[in-house]
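Heads up: the structure comes next, in C-alpha cells.
Letters A, B, C and D name the chains as they come in the text, with residue numbers starting at 1 for each one.
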Amino acid sequence: MIVVVKPDASKERRDQLIEWLKGQGLDIHVSEGRFQTVLGLIGDTSQVDMELIESLDIVDSVKRITERFKNSNRKFHPEDTVIDVRGVKIGGGNFCMIAGPCSVETEDQIVAVAKAVKASGADMLRGGAFKPRTSPYDFQGLKGTGIELLKIASEETGLPIVSEIMSFSDLPLFEDVDVLQVGARNMQNFDLLKELGKVNKPILLKRGLANTLNELLMSAEYIMAGGNEQVILCERGIRTFGDYLRNTLDLSAVPMLHELSHLPVIVDPSHATGIARMVPPMALSAAACGADGLIIEVHNDPIHALCDGAQSLTPEDFDLLAEKIRRVREALA
Amino acid sequence: MIVVVKPDASKERRDQLIEWLKGQGLDIHVSEGRFQTVLGLIGDTSQVDMELIESLDIVDSVKRITERFKNSNRKFHPEDTVIDVRGVKIGGGNFCMIAGPCSVETEDQIVAVAKAVKASGADMLRGGAFKPRTSPYDFQGLKGTGIELLKIASEETGLPIVSEIMSFSDLPLFEDVDVLQVGARNMQNFDLLKELGKVNKPILLKRGLANTLNELLMSAEYIMAGGNEQVILCERGIRTFGDYLRNTLDLSAVPMLHELSHLPVIVDPSHATGIARMVPPMALSAAACGADGLIIEVHNDPIHALCDGAQSLTPEDFDLLAEKIRRVREALA
Amino acid sequence: MIVVVKPDASKERRDQLIEWLKGQGLDIHVSEGRFQTVLGLIGDTSQVDMELIESLDIVDSVKRITERFKNSNRKFHPEDTVIDVRGVKIGGGNFCMIAGPCSVETEDQIVAVAKAVKASGADMLRGGAFKPRTSPYDFQGLKGTGIELLKIASEETGLPIVSEIMSFSDLPLFEDVDVLQVGARNMQNFDLLKELGKVNKPILLKRGLANTLNELLMSAEYIMAGGNEQVILCERGIRTFGDYLRNTLDLSAVPMLHELSHLPVIVDPSHATGIARMVPPMALSAAACGADGLIIEVHNDPIHALCDGAQSLTPEDFDLLAEKIRRVREALA
Amino acid sequence: MIVVVKPDASKERRDQLIEWLKGQGLDIHVSEGRFQTVLGLIGDTSQVDMELIESLDIVDSVKRITERFKNSNRKFHPEDTVIDVRGVKIGGGNFCMIAGPCSVETEDQIVAVAKAVKASGADMLRGGAFKPRTSPYDFQGLKGTGIELLKIASEETGLPIVSEIMSFSDLPLFEDVDVLQVGARNMQNFDLLKELGKVNKPILLKRGLANTLNELLMSAEYIMAGGNEQVILCERGIRTFGDYLRNTLDLSAVPMLHELSHLPVIVDPSHATGIARMVPPMALSAAACGADGLIIEVHNDPIHALCDGAQSLTPEDFDLLAEKIRRVREALA
C-alpha cells in the first residue's frame, strides 16, 4: 500500500501517522519528493482500512497494491475452480446452461418448462420461489410451496435446482435446493453472506447494480472466509445513465473477473436487458467472451405468456439459442 | 398508465393485450395513430406490473402516470409529516441535528461525544454498533455491547439514540434504541423492511447508492404498508463516474423528495463525502436547500483521532458548523 | 406526444398550454382523470421542444411517442443501409474489419501495419493523424503529414482509409481520406456535424461517453439532415461507475441500434477497454451480437511496442483474432 | 508517479520498461515486494502518458502522484485568482451573479431582462446567441444578431455580457462580448480551447456531463497553456442514473475544485435541474458551500413565458432569490 502525504503536512503529524502504521505491524519505507512524501507500507496490508487513511487531512491519496480478496484471488490460486453440482460442472472449461421461469407458479408449469429446457440441453433448472420486488404490492413468490414444486420438477428431470434466498431465516426451506442464489440487491447483505459461508452448497452470487468487481469479490470473500469456497459469480447488468434497457450488461467483467479470480463467472442476460428479444444476442456475446455459463428465463404457458413472458424466452426460442451457443463455443474451442 | 403499441403489432396480439389488461379490472381507452396505437389505462394501475408490459414485443414503451407509492405520496397527504422522538421533532419546519461517532467504542468515548454534541446543540445521538463493511476483515462493530453503551450515553445526556440495524434477528437488542437506521446497502432488503413495518419506532431509511427516488419511496412503502408510518428519508450520496470523493451527494433530491412526499428528508454529508473537511460545506448546502435535518459523524478521542476521525469532525469543528447552520437557517427563515 | 398535467393546475393555465400547443399546428386530445389530465398531441411533434414543456410547473411529465430522428429511423426506412467505400461494403450483412495503429508515426510503420492487417483480412486501414488528447502536453498527432502517410499506405495495399477529423477547418486535408471519423468527444460538436452533412463521404460517428442512443441518432440526424446519408454508428464504451477498465463497453447498444435505425453499427473494443488483452474477448462478443464491423488498433513496431502498443494488438494477435471472428460469424450464419 | 509491476513479469520485460522510462528523463526507484515490484518515477512526470503504461500487460496499475494540471493548480499558485470583467470581480471572496435569458430573442426582451436583473443586483448579463441543441430541428439561436442585441442591452445597463461560443470561426462576432462561455458539450473540443488560449478575454468553462474534475482542469490547462489565464470554472450538473431531473448537480465539486485549483468556481442551477422551481434551492446550496458566483436563467416576457420559461425564473422569482442569497452569504461571512 502506498500513502501519499501532502506537501504542507507538518513533520509532527506525518511522524504520528508513521508511528500509527508501524503499530499495525507494518514496515514503512519513506521517500521524500519535492511536492510530497510517499510512504510505502510493507507487510500484510489486507487488514489496513484504506478509507480511513485516505480521509486524513494530511494525506493526498492512498493506493492499495495488493488486493484485499484472498480466497478468491487468482494470484494465490492460479487454477480455475470447478464446481460440481450433482455431476454438473461449472468452470475450468465446463459451460453450464441454467434455465427456467422467473417465478414458479404451478406444478404443471415448472415441470413442463423443466422438461423443455432439458430437451434443449439445459444443465440446471432455475425458478424463483422468493421474489424480491421493488413494490410491496407486486407478487412476492410462492415461497415454501414454490420450493416444493421445484423439487418435483427436479425429480422428474434430474436437473439440479437454483433458487434465490432472501433471508437466512428461510434456510431450512432450501434443504433440497442445489444452488442458493443471492440476488443483486442482497450482494452486500453481509449477515446473509456470513450465514451462507457456513452452508455446504454452491452459492450463485449476483453482482449488485452499482457494485465494482472489487466489491463483488469482497462479498465472495465473506462467503469463502466462512469456509464455503463454492461461489459462482454472476454478471447481470449495472445501473448507468443508459435509458433504453433496464440495465447495462457489463460483459467486459467476464474476462476481467477471470483474470482477477479463479471462480467461475456466468451471465444473466434476461435480467440485464429485461426484454426477451435482447436475450439471444447478449447470451451469444457472453458465450463468445468466455463466460462459464448462462442463466436464462424461459416460460412455457401460452395463456400467461402474454405478460409473464416479458423478459422470458419461449421454449422454442431457447432451443434455437442453445443450439447457436453450442456452435459459437465449438467455433472458439 | 399509457401503453404505446408498436405499429407492426398484429391486431390479434393487440386485442389479446387489451383483454388481459381489462381482466385486471382496468378500462382501456384506445387511440389509433399513424405510427402507433396508444392505450390509456384507467383505474387503479398501482397493481399493474409495468416492467412486464414494457418487455412485450408488441409494446414500444409504457409510461406510468400515477406513482405507485401511496402512503408516502404528498398527493394523498399534502401536509408534512412531523415525527416526534421523545420530544425531538423532525419535519414540518423542525430541523433535527443528529451527531455522534461512526462506531461506538468505549463508554468514555460515547459519553464524551454525546455530551459534546449536546452542548453544541445536537438533538439526537448516532453511533454504530452493527457495522456493514465491504470486507469481512474489517471491524464489524461492538454489537449488543455497543447498544448498551449508547443507552448509557443517552441516559447521561437525555439525547434519543439512532443506530443501524442490519438484520431483523437483532431486533430484540434494539428495544431501547429510539430510531432504527436502515443503511444504504439494505435499502432493498425487503424482508428487513417488512419486519420494520411492524415496529412502533421511527425508521431512518437511507437511499441506496444506485437507487432512484421512486425506489426509495417504494422502500418506504414497504415499511408504511406494514403499518409503521414513521419514516425519515435520508440522502447520503450516490454512485456516479465521479472519482474524487467517495460518492456524489445528490442535494437536488431534497427539494424533489419534498415535492413527491410528505416524509421528512435529512442528509448525511459524512458518508457522502468520506472526508471531514468536505462535511461542513455540504452540511451548509443541505440546510440551505431545505433539508429537515443532518446526520453527522463526530469523534472525540485525541489518541485515536488520527485514523478514526477520517470522515468525522472534531467536537470543535462540529460546534462551529452547528453555529453556522443555525445562522443559515435564520437567514432563510 | 403525451403531456400529463398536474392535478392542481388551474383551468386557465391548462387552457393556455392547450392553446399554445394548438398554435404549433397540433391537434390535442384531452382525457381527464381523477388525479391528472392527460393531453395527447396529434400531428408532427418532431418540432416540439419536449424539455420546455416538461419543465412547466403545471406539467407532471411528458412522453414522446414518436422518435425525433427521422432520416436514421428504421420505421421510415425498414431496409438496412449498406455503405460502399471503394468496393468495401458495411451493413446489411456485410461485416467490415477496420484495423491500424492508434497514431500514424512513420511511413515504414503505417505501411507495414497496413500490409499486415490486409494479410489478416482487414477491409480498411485506420490511423490517427489528428489526436484528441485530454492533456495539452500529450502528442497531438502528425496532422497533415500523417494523412499523407496514410495515403501512401493506402496506395500500397488498396485499403480505404478511416481517420479522425476534429475541426472542419481541416477538411481540405481529408480530401483523400475515404471515411471521416467523428470522435466520442465531438459527437455533439454540432457545427462540425453540420459541415459533415455537406460532405460526400461516409462518416464514422462514435457515441459519446455519456450519450444516450437517442442522442447518438440525433447527432446522425444533424449529418443526414444536411444531405449526407452515409453514417456508420460506432459503440466505443460509456462512462459508468466501473473502475477496472477505461470505459464500459455497452454491447446491448448493437441490437438496440439495429432495431431503432437502419444504419450500420460497428464496435471499437480497443478504446472501450484500453487494454490489449481485453480486446479479443470483446471483439468476439461484438461479432456474436450482430455488429456490422469492428475497428481495432494494431501496432507493429517491436521497438516501440513496449508502450505504444498499450491498447493495440500485435499483428500476430490480430491475425488470430480475425480468424476467430470469421469462425464465430460462420457459426452464426 | 508509481508503477506497480505484476509478480509474473519477466525480468527482461521489466528492465525494458525501466530503460524506456529512464529514456524519458526520469529517475526510477525500484522496490521489490513479495507479490509485486513497485517503481517510483522521480522527475517531471507531467509529460508521461499514464494510460499507455497502465495498459502494458506486465503492469498491474499506475498511480499519478503529481497532478498534470500546472497552470490551474493551487499547489503552484496558492492565492485565489480574481478575474476582473470591466470592474466586476469574480473569485477571492467576490461573488458574481450572472443572469439573463436562455436565448436572446428581441431587443425589447433582452433589454427588459437586463434592466430587471440589474435592479435585483445581477453583476453580468447572460444570453444565448449560438445555441447547441440536441436536435437539428430545434431553434439554433439568432447568432450575430443576438450578439448585437446583447450589446444594446449591455450599453443600456452597463452590465458586462457572457455568451456561448461554439466554433472559433465565430470569434470575430464576439469582439464585444466580455466573457466567452464554452458549453458542456464542447469542454473537450480541444481545437476550440486552443484558440481561446490566444484570446484576451475571460473564458467561462462549463464542466462536461461526464467529465471528471481532473478532465475539467486539463481543459482549463489547454486554455491557460496558450497564455490566457482568465478561466472561470462552472459546475452545471453531471449525467448519472438519476431520472427525476435533467442532470445531477454535483455541488461537492465546488469545495473540491477550490482545494485543487485557484480558479473561481461558479454554479449553473438552471441547466443542472431544468426546472425553474428547483433553481432557488440549488442556488442557495451553491452559495452556502462557497461558490464564487451563479449563472441563472431569467425570462421576462409574459406572453412567451408559458414555454420559454421552462427552466427560467421570472424577474420576481429572481429578485426574491437574489435577496435570499445575499442573506445566506452574510450569515456565513
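Rule of thumb we're sticking to: a residue touches a chain if its C-beta (ideal position, glycine included) is under 8 Å from a C-beta of that chain, and two chains touch if they have at least 3 such contacts.
Quick caveat, the model's predicted, so the values are computed rather than measured.
Path length between subunit A and subunit C in the touching-chain graph (shortest route): 1. Contact tally for A-D versus B-D: the pair with more C-beta pairs in contact is B-D. To find the repeat of A-C among B-D, A-B or B-C, check which pair has over half of the same contact pairs by residue number; it is B-D.
Taking the mean of the C-alpha atoms as each chain's centre, subunit C and subunit D sit 26 Å apart.
With centres defined as mean CA coordinates, subunit D is found 39 Å away from subunit A. Subunit B and subunit D have Cα centroids lying 31 Å from one another.
For subunit C, residues touching at least two other chains, in rising order: 210, 239-241, 243, 277. Those residues of subunit B that touch subunit C in the complex are listed here as 2, 4, 7, 29, 31, 33, 35-36, 38, 40, 42, 60-61, 63, 65-66, 75, 210, 239-241, 243.
The touching residues of subunit C, counted against subunit A in their complex, run 210, 212-214, 238, 240-245, 248-256, 272-273, 277-278, 281-282, 284-290, 324, 327-328, 330-332. Remark: subunit C residues 16-17, 20, 46-47, 49, 51-57, 68, 132-139, 166-167, 169, 185-186, 188-191, 194, 208-210, 215, 218, 221-222, 225, 239, 246, 274-277, 306-308, 310-311 touch subunit D in the complex.
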